[in-house]
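Multiple structures are listed underneath, in structure tokens.
One chain, chain A, links the two complexes that follow: it is found with chain B in the first and with chain C in the second.
For the complex of A and B:
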């Protein structure tokens, strides 16, 4: 690659490439490159009561790191980070477990398995908001399938009040929706990785007399570590960004209120939804600052994940 | 694995490899998978079932049409409606066509005539039940259209004023025809009489869960006698044809109403979503293919540095851009417009990556040969790059299409309630806000979002899967 740079590249070659590059780069610069810096810039400003309603972005007041200071003193934000971590755990671990289980079961050639694979992947292409609204009906205390099952199991109190109205259960219930929706995605990735494991490793294990469980723990799972890492990092980013499912399943309320340390907080207000709420109140400076703090958290946690899960051979 | 027999050690296969156990294990896996699949596809199934349900039945846990209908009104009608020994009841009827109202004038001994409005039954009979006849005998005649006084044509004796006489023994019903629904006990036996349309099958369900069929005595009148065993209540059960049972549970009205709703035009939302997703996907594929070609086959200053920078930008979560992208869209005056929903997400770096990797694999000789033949860049692009890259372009098209089809947050932010450019998820959210109880219709609206995308996936799943694998290899 270093040698290439020494090759002479003429301006004519630049001009020949330009028409092909230009459309992409123009959109990239205007809507991704510039916004990145503009976002950093906005995060140092604040919309105040003196701002012009019709030109909020033009009349913001410079507050330095004020937004960042304010965020870290805001119990609602800190609570949303805590809830996001809970939500991430609830979504990622069962999600990976289910994807892996599906992949292990489907990793053989049998009649109808291709159809099953498509079936499991199908919910991935559905609109999250719409799926959330459908689950609102399934979770409904009046005759939704879930409460019918709860009544049948004898848990009448919970069935009557509704899972989504219970502050302890709202996030697990939403996580279940997302695990079922996303399981097929992880399944396909695991199936691809399983195909890439050389069968000679398993044959060697057979010769050594390894049982299926030993093969799973000592060969399969270590070989799948990159996929597990990928799924946990995308799952983490997904949890930090989670919005449509919270919006749909809490009916844009953020969940029922709970009292935590003398503050009234909402049981489903995780960071992505919190960011939307702040944005929706036209607190653009604070919203931009929050998104950078979330980026920082994503990088730190992704780095820890990488350290823990990366193959050490 | 076991296809290669071990010649040196001809040991019997391990227990877990015997055919019977494999068959058991396989069927267990099938069972688990099918169950899990049902669970995973539950929203799809639930949405479709609810979308076809009759209004107001979304929360009724009932999915199979019932050919036996427990008639809700009058439910659990007491058997001692007429208690023998306490009061009496008379029933009169008159057959007259072309009449708007008929009343009975009832005169008890020496009293002024009291007026009882009668009502018209489906088969043209005017009937009335008169509980006022406490005395043993009373006289009556009919008052037609509030003017013409008509004596009962069925009566045997009429006095000079036109009044007929009816005698009622307490505890019995004096009648020329039974009332619409009546149940009473006398002695050890209960009697139920029902007046209803012909050609139906009716049962009385007793508290002991016995079924006694109501038998048609005269056209439109059904009667059953049974042993109530001390109980005072019963239920009516109607057996109906399957088509009618199906129709009482499922309907296509929800779709009809949603499509004809002037305030929430789901056909419009569907078209808007289609416009946004299709144009975003087409444009993304086009500019990504062009840029992918430039990055893969052209030489220009800082090419590799620029590509690395673009790839690095993929690590930044999308929400960072939300505020400034909104601000730019606002400044461009693109709120409530298609371009406001389409353009900000066109620079798809992942798509660029996919296309570049694909173009790199095209042999250099192909490009060189084209150059020798005098083809210019545009010709090379359209004659070589596009045909070769078509499969991956389809994949990228589908990925972007699906992503934009459900880009709820951005479409919610950019649309401030303008139905002309509102997309499906936002339209559904608005519809749900104003029709919170109309769950059957909300689900019919949801079908517009879910079913087309499901059909698209099923038809082109090979391209979806290949895009996914390409994405996974990248990591």
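For the complex of A and C:
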């Protein structure tokens, strides 16, 4: 009897909650749910160059899984996935390390540190195109700061040709820009997390005779795992979607070319940029298929990250 | 349920009902319907051009009323040049396209293949006025007019009028030539004129280059569009169609090879400043900074170069050498020019600019065509040129044109006569960014030979573009 009464109350509460949830659900269905399912539907169709512009979706040809088969046979797409993984590795780990280092360095109440914190955060506010123009000047082979430093270090060949013209250095060069740009944001998150670690834990470690390195490895980093997890997953999603930085720093060329397995490929054509190019040529079916493959990759990698980095009880 | 919750619930319900009502009203509206006496025109003119355009439009509206006794409204809407195609494509999905659009000529092919445009040559007013496409072509700048002709599944139609045209020519820094006058003379070169063929340009470049000072004879573009003068000069073809409209790549030819060999030689002759490289000093910036003595550039940079205090001149782009003309059997565009112009008669260039198209949903296409005819008419084009310094698209307007305010305009007009259209290739964006740019990158870095590039180009074009052209024809 009591159980039935509880169930009755629970259903009534759900019904009462429904109208409050309805506005959000309506927005969700219209702007997220419907487009998601529609793009899944489109990924099974192909737009041809003769498809009627005024009835594009009506004149698409059903190809089943043809778009998925096609993109997995496309060396350019497979190359873009490989490059994305490389880019993610170059960006996420160094990005987290840099953010953490800045946070540890500035997590003190010293004169001028507030200004330094603001200074390191500032590049994060700038638009990527502004940052891109600044770095194009820095990477300029004729008189750019990077070129001057390379000449000074005796690496004249690379200094003259330019970092962005070297197919093996395009991604590291762009990743460096993004690590420096985003480090301020990670630093703020780490500073907040550091302030939430109870000082009593460090005091206990001091009593046990732990040195600063041991405290960092055994206390600080484990306590920061949720922030590291968050930065890893947002970094991964950022890498999969990365477009603006490639566009800005390669002048919309996708980077210097390289021959791989008898195919000419672009050294900066990571998946987000590739997706933009495919979409921009009205190949909606293929673009939708690429989106779902990227979504699948993001879910799998995020799940692995979550399993590895989730704090254990 | 508490009274507060009930009140919130009632308000939420009211808000939802209101939203639903608004959605219903929007759905019942007549959306895209337009008055047939209104011609909506999307254009991408800048502020200065728009000001002149508005005056032309006001005069057209007044003239229409005088002739017909009826009102016509030319409703101008600005859309940025780079976004025009995307916006037309998106608007087409909701049948919200304008009646007329002035857009990048390169994109006409994609819109025509997608049945988004009216076939202008099939319209009665066109037939009355011109008769055939060939007869109409006689009245316009040929290369610009050709951009509106599209082969769709083997059927050739005219889908656009040129409304704005431009091209590139050779800019050379007279001051830099003067400074090296003695050395140029010693090398048998005239310091008071620009080179006439590409071997001569290389010879000039060798004298003008001072690598230690970061000064080079020539600054070369890496993009496809800017290198069309070289491709066109050698008559390199990109695509060929059979009678059924089946397309195949035509790049792999002796002419294509000569063009790519010329690009490769230029890049590695020691006279080129690496302007084609990413993050390097581009041709325009290098010319302004007196780092490149010669560049291929368009009229849009004349003002900047003049304001920078440069002493420069503009000449026709050099032609092929006599040996190349003979070996490749090249024919000049105007044979009677060979005697006076020598190798320059074989010069060529690219064509840029905008085309005026009539969208398929236009409810009054005859009026739209009449507006296009008015805008491209001789007096209007003459005014457009004298006010803005732009080359008229109608040839009749070239005669006795007052170019005193724009002394370089005649040089671009000469160059435009020798120019050829950008090849009619669907998915031009894919060709340029996915195929040509990566391949030419390897060529200019000396990581592949011109013949290897041609082989790769042909294969990539067939796999990525031609297959899409032909798949629906099988």
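Rule of thumb we're sticking to: the second predicted complex is superposed on the first by the 276 of 313 C-alpha atoms of A that agree within 3 Å, B and C clash if a C-alpha of one lies under 4 Å from a C-alpha of the other, contacts with A are read in each partner's own complex, and residues count from 1 in each chain.
What we mean here is this: a contact is a pair of C-beta atoms (placed from the backbone, for glycine too) under 8 Å apart; a residue touches a chain by one contact, two chains touch by 3 or more.
On a predicted model such as this, the values are computed, not experimentally measured, just so you know.
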Chain B versus chain C as contact partner of A:20, first or second or both or neither: both
Touching partner for A:250 - first (chain B), second (chain C), both, neither: second
Partner chain(s) touched by A:76 [first = chain B, second = chain C, both, neither]: second
Chain B versus chain C as contact partner of A:165, first or second or both or neither: second
Partner chain(s) touched by A:259 [first = chain B, second = chain C, both, neither]: second
Per-residue contact with chain A, leading partner among chain C and chain B: B
First, second, both or neither for A:107, with chain B first and chain C second: neither
Touched partner set for A:277, first chain B, second chain C, both or neither: second
Touching partner for A:142 - first (chain B), second (chain C), both, neither: both
Footprint overlap on chain A, comparing chain B with chain C: 16, 19-20, 23, 57, 140, 142, 144
Contacting residues of chain C [partner chain A, same complex]: 1, 5, 8-9, 12-13, 15-16, 19, 86, 88-89, 92-93, 95, 110-111, 113-116, 152-153, 214, 274, 277-281, 360-361, 426-427, 429-430, 433-434, 437-439, 441-442, 445, 447-448, 456, 460, 468-469, 471-472
Contacting residues of chain A [partner chain C, same complex]: 16, 19-20, 22-23, 26, 48-54, 56-57, 76, 136, 139-142, 144, 161-165, 249-257, 259, 264-266, 277, 280-282
Touching residues on chain B, where the partner in the complex is chain A: 1, 16, 26, 29-30, 32-34, 36-37, 39-44, 46-47, 50, 58-61, 286-288, 290-291, 293-295, 298-301, 303-304, 310, 313, 316-328, 330-331, 343-347, 349, 352, 377, 381, 402, 405-406, 408-409, 413, 424-425, 428-429, 432, 439, 442-443, 446, 449-450, 453-454, 456-458, 461, 464-465, 468-469, 472-473, 475
Of all residues in chain A, those that touch chain B in their complex: 1, 4, 7, 9, 13-14, 16-21, 23-25, 27-28, 30-36, 38-39, 42, 57, 102, 105-106, 110, 112, 116, 118-123, 125-131, 133-135, 137-138, 140, 142-145, 148, 180-181, 183-185, 188-189, 192-193, 199, 202-203, 206, 212, 226-227, 229-230, 237, 240-241, 243-244, 247, 272, 275-276, 279, 284, 287-288, 291-292, 294-295, 298
